[in-house]
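Here chain A shows up in two complexes: once beside chain B, once beside chain C.
Right after this comes the complex of A and B.
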């Protein structure tokens, strides 16, 4: 815990953390100092001049808050007339050459220029001379589209490419009001985090080709979530909306700040993985490849289990801890073999040491935590003897090529519970649709042993069963989610005394021993 | 009135060569220099009261005193030869006429501050000057005045010439450092000041060419001899570039403290063609204009200029005769500063362009009094809200023209009001 110091804002005593700049320090106390160019992940640049504050008895009397460390006893002036005038004037300067095309701008609704105009300016334009004209809808690569006229040249995007990805594709060329962000000719953005510049841009200058013109942001419901694209478990905001007469649909993922996991950013692959939540979903159960009602499929599962002795249950490494535990308990009750074989989810060499990991699954650490066997040999040996394979959303063809898989599955019937349609969903004897990760609550453990709890974000018109529901339905019962969490808390000492509501927002760091193994 | 301290060798044929310069006294202070402790050199410069000749007039010795001691980092000297202020043309004379005076001054300054690597940042447009300077440096290296053993002493000093690429703002000391580092020439926020964290994050002193060139005299003749010239608070001599509507424009070395009008009339031959004086820009385009009645009791020193709410600046005096169209002048002025704004800070980046367009509108006789008021207000809204003083270098003089020559703007507006609508 950092030391606390006391300073004064507008004459009122405020206790803040020491060692921070004024913007961050007083923001923690609920006081906003407007700023465009400063971003905590990118440091202070001091070019927008929006954060100029007065320092009483200070030398100099006017300082950029982003570059000024909070010091004990400092007397900060924020609501003095001359400071308000500066904020007003800087907003006027930002807006004189801005196209003010809010009605067709994707940023409208989450735009700093709009917000600050309402708060700090609010006057009609005094611009009676022609505006500066610059280039529009420039393709910067990686799905980033740039509008130079909307740009306030705060340089956040430039600094991101220099400091975070260290690829330096962007720069500001020219001087004076001709200054503009651009790429080198023929050298577009080329890094796996490029779309973060869209979030970083405080205005509508950087837009995502994917999200452009898709939805007004004020319609979007912003639900927190955890990206399931790899084992990092980056924190995201799931922006979704139910159009009239349509189903709830995700429009984009955005990074959500978590200093313990992903900081301020996510990778582009994870960001665009929202599409998989909308598309290619299995929505109806199938029996022998033909669509049937869910109840009929579950009844068929029941029959299947009645006449089967040897069962293998295969788990996806993307399932939540609760779902894995439900499967583990079911397998124990029924004497079934349990496997988490999923080598195909690993993509060696793909990780970059930053956010992107080799392991493209969200909860492999959870499989290990629950002591579930993930070895290829044991799975294949069990499969060879099994009469029935219950596949809990494991994309087996990622681990075993289809032509090798076919002979292995000969003589084994398959029940596939899956969130997504695939050839396997047609070839399986029974296929049951289940919810995907944006549609249920659960806990996952990331590659660094951090347990994170996420909530259901999307509510479909016709909700699909959670995997735990499906497993319970095999026994003709309903899943007891609270019970599952209590059982987890009993298994994992770090979770002792916790409920789903008390798991910290930044996640729970499991200790080394725990992360390695929990006894069965 | 003229004196010859900095310009002592300017009149000699081939004064830029080592042979001629040495024959007439160049490098003769070096023996004394290396026999004097560095602190004593700094004290002598402090005592001389030498003020920075780049425009701000900060005492040079005091600036050197800001260097932190024993940081374990190298100390750099950057010589500012980016002379780009309109109406300023003093450093170019030193560079061309007596580069060895500058080199000698660099050796003195470097020794005093403990620097072994000096950069001369020279304006990109100074093509002749850079050639002459580099030739002089080559001669100085060959003669052993620079290099591993300066003048035979156990002291290394290397001097590198760095050419700018034509940006006025690189005359601002931190933009100059950015430019030497190979980055886009944009001023840095201060603090930290360059004396603490300058070039490559190391302690750095930045001095103007003329400041450095004043050092050999101070070391040779002593601080008191230097203080014999000029006033108490503005001692020494200065190279004044007098241009505009005078009979004898040119570069003159004068002691500080002389009456402004006397200098215009006696040294520069007075306003040309027998015309009347309209105003005087006292120290480069960025200094507020003086009306004739204000100029009457102004003397050429920092204090008198400040008392008249203008600045001594770079000593580039521009004389305006009665025919000058002030609105046109203001347009040219804003055009320059708008073009040279680095584009970093919002008020300067957006504001100067707005001001330029308003003046152009007034000149087209489409302006209203609201435009004139807006122009005046924008000066206040932009000034001192930015990282560097480039914006103030534009708004301070513009404000002075608007206040002192308001009637000329009003005349344009009145014409606009009566003119038939533009087709």
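Right after this comes the complex of A and C.
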């Protein structure tokens, strides 16, 4: 923790962290200094002038708070008449050429300009001259659509492309009221993080082609989650909504700040992976390829287990720690072989050393932590002898091409518990639908050994069983979630004394030797 | 200023001629970073071609090793870089405060009405082109008009009329 210092805002004593600028320092104490261009990930630019404050110590009458470090004893003026006048006037300048198209603007409801207008301006326009017209719905590439008229030229998107992705596709051209953000002709946005400019944009100038006109943001329920697109485990906000007479549906993923994991951003691939949560799902159980009731499929699983001796349980590297542990305990009870073979989830060379990782699974570290064998040889050896394969959502065809897989599975019956429909769901003797990661609680360990706990975000009209429920149902019981967490806490020292509610929001960093401890 | 963000493409790749190429290499060692060469390079292009095309901006960016967007920004910010072929007489009218207060708009309106010449455009006969520019530093004798680099101070519509008559 950084040192605390005391300063005064409008004469009231406030304790803040030292080493931060005024905006961030007093924001932590619940005091808002309006700003458009400043963003903690991009640094202070000082171009919007919205954060001008007074400091009563003999310095110039107005200073930008984004460029002013918080110092002990500082006397900050926010509510004086001349500061309010400045804020009012800056807003008036911003709005001279801003189109009043809020009713059709995607940003409406989460727009800084809209919020600040209501808070700091709230006056009708005094302009009698025509507004400057600029270009609209420009395709900037990577699914980013730009409206130059809505832009307040804060330059966040330009700085993002220069400082974070270092690809520099965007620039502010022209000057004065003609200034506008654009790309150089023929060199559109071309980086794997481009859609972050949509979140960064404080107004509705940058929109995502994917989300445009899909949903008003005030209808969206914002639930925290963890992206399962790769092993980084980026923190996300799952924006979902249940329309009248329809099912709960995810409309977008947005990054959620976690300094320990992903900072302020996520990659585009992860952001668009929300579609996989909505579409292509297995919703009904299948028996020999034909849809049946879930209870019938589970009964069939039960029969299958009665008459087989040699069982292999294959786990997906995307399962939560609780689900993996439930499977491990089940396998131990029934003398089944447990495997986490999933080499196909690795995409060597795809990682970029920033957020994107080679490993396209969320919890491989969890498999290793629980000492689950992930080697190809052991899995193939066990499969050759097995009568029954219980596949817990492992997309085996990613690791073994279908034509090689077929002969390997000959003589082995398959129970597939999966969240998504696939050819395997039709060929498996029994297929059982299970919940996907936005629909259950659980813990995952990311590539840096950080354990993160996430909560169920989406509540489907007809909820599917969690993988742990499915595993418990094989024995005709129900999953004991609290028990699973307690068992995990007993295995993982970092979790000792924690409950699902007390795991820190930023995640728990596991020790180097914890993996060794658990598998021993 | 008019919108200068729509660059003109020649459809042909651009390259410095031998003289400018040598000049570029002579200049680049003077500066601490290669990005400092953006403005001098734009001048070299303009010397060579008379104006700066889309291809020339891409060439400069690649030659310097910087983002094309940065060269694009500088070229559109400074009105002394011509982003289209100019007329024989290039008229710049200052649009900053003093000139605006002292009647620059009458001159602009006159040119638009009489010659059909709007800021950022070139007359059909190729004789004149017009640009509204930022402060030219002659605020004490506003409004100021600059034609092919020559300053004409304390201008009004009548003075401009007789001046244009001498320019053929």
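What we mean here is this: the second predicted complex is superposed on the first by the 516 of 520 C-alpha atoms of A that agree within 3 Å, B and C clash if a C-alpha of one lies under 4 Å from a C-alpha of the other, contacts with A are read in each partner's own complex, and residues count from 1 in each chain.
The rule is short, and it goes like this: a contact is a pair of C-beta atoms (placed from the backbone, for glycine too) under 8 Å apart; a residue touches a chain by one contact, two chains touch by 3 or more.
This one's a predicted model, so the numbers in the text were calculated from it and none came from an experiment.
S.K.: Does the chain A-based superposition show chain B and chain C clashing or fitting?
M.R.: Taken together on chain A, chain C would clash with chain B, as the superposition shows.
S.K.: Which partner chains sit in contact with A:221 here, chain B, chain C, both or neither? Use first/second/both/neither.
M.R.: neither
S.K.: Please work out whether A:46 is in contact with chain B alone, chain C alone, both, or neither, and reply first, second, both or neither.
M.R.: first
S.K.: Now for A:89: first (chain B), second (chain C), both, or neither, which partner does it touch?
M.R.: Only chain B is touched by A:89; chain C is not.
S.K.: Tell me the contact category for A:168 with respect to chain B and chain C: first, second, both or neither.
M.R.: Second partner only, chain C.
S.K.: Now for A:153: first (chain B), second (chain C), both, or neither, which partner does it touch?
M.R.: Once the two structures are laid over each other on A, A:153 reaches chain B alone.
S.K.: If we overlay the two complexes on their shared chain A, which of chain B and chain C does A:176 touch? Say first, second, both or neither.
M.R.: In the superposition, A:176 touches chain B and chain C alike.
S.K.: Does chain A have more residues touched by chain B or by chain C?
M.R.: Looking at chain B versus chain C, the one contacting more residues of chain A is B.
S.K.: According to the stated criteria, A:187 is in contact with first (chain B), second (chain C), both, or neither; which is it?
M.R.: A:187 contacts chain C only, not chain B.
S.K.: Which segment, 146-154, 326-334 or 344-352, is the chain B region that clashes with chain C in the superposed model?
M.R.: The stretch that clashes with chain C is 326-334.
S.K.: Please write out, lowest number first, the residues of chain A touched by both chain B and chain C across the two complexes.
M.R.: Residues common to the chain A contacts of chain C and of chain B are 172, 174-176, 178, listed in rising order.
S.K.: Could you pull out which chain A residues touch chain B in their complex?
M.R.: By the definition above, chain A touches chain B via 44, 46-50, 52, 62, 64, 67, 85-86, 89-90, 92-94, 96-97, 126-130, 132, 152-153, 172, 174-179.
S.K.: Any idea which chain B residues touch chain A in the complex?
M.R.: 167, 169, 184, 189, 338-347, 349-354, 357-358, 360-361, 371, 374, 381-382, 384-387
S.K.: Taking the complex as given, what residues does chain C use to touch chain A?
M.R.: 1-5, 7, 9, 54, 57-58, 61, 66-70, 72-73, 76-77, 134
S.K.: Contact residues on chain A for chain C in the complex?
M.R.: Going by the criterion above, the answer is residues 134-135, 158, 161-162, 167-176, 178, 180, 182-187.
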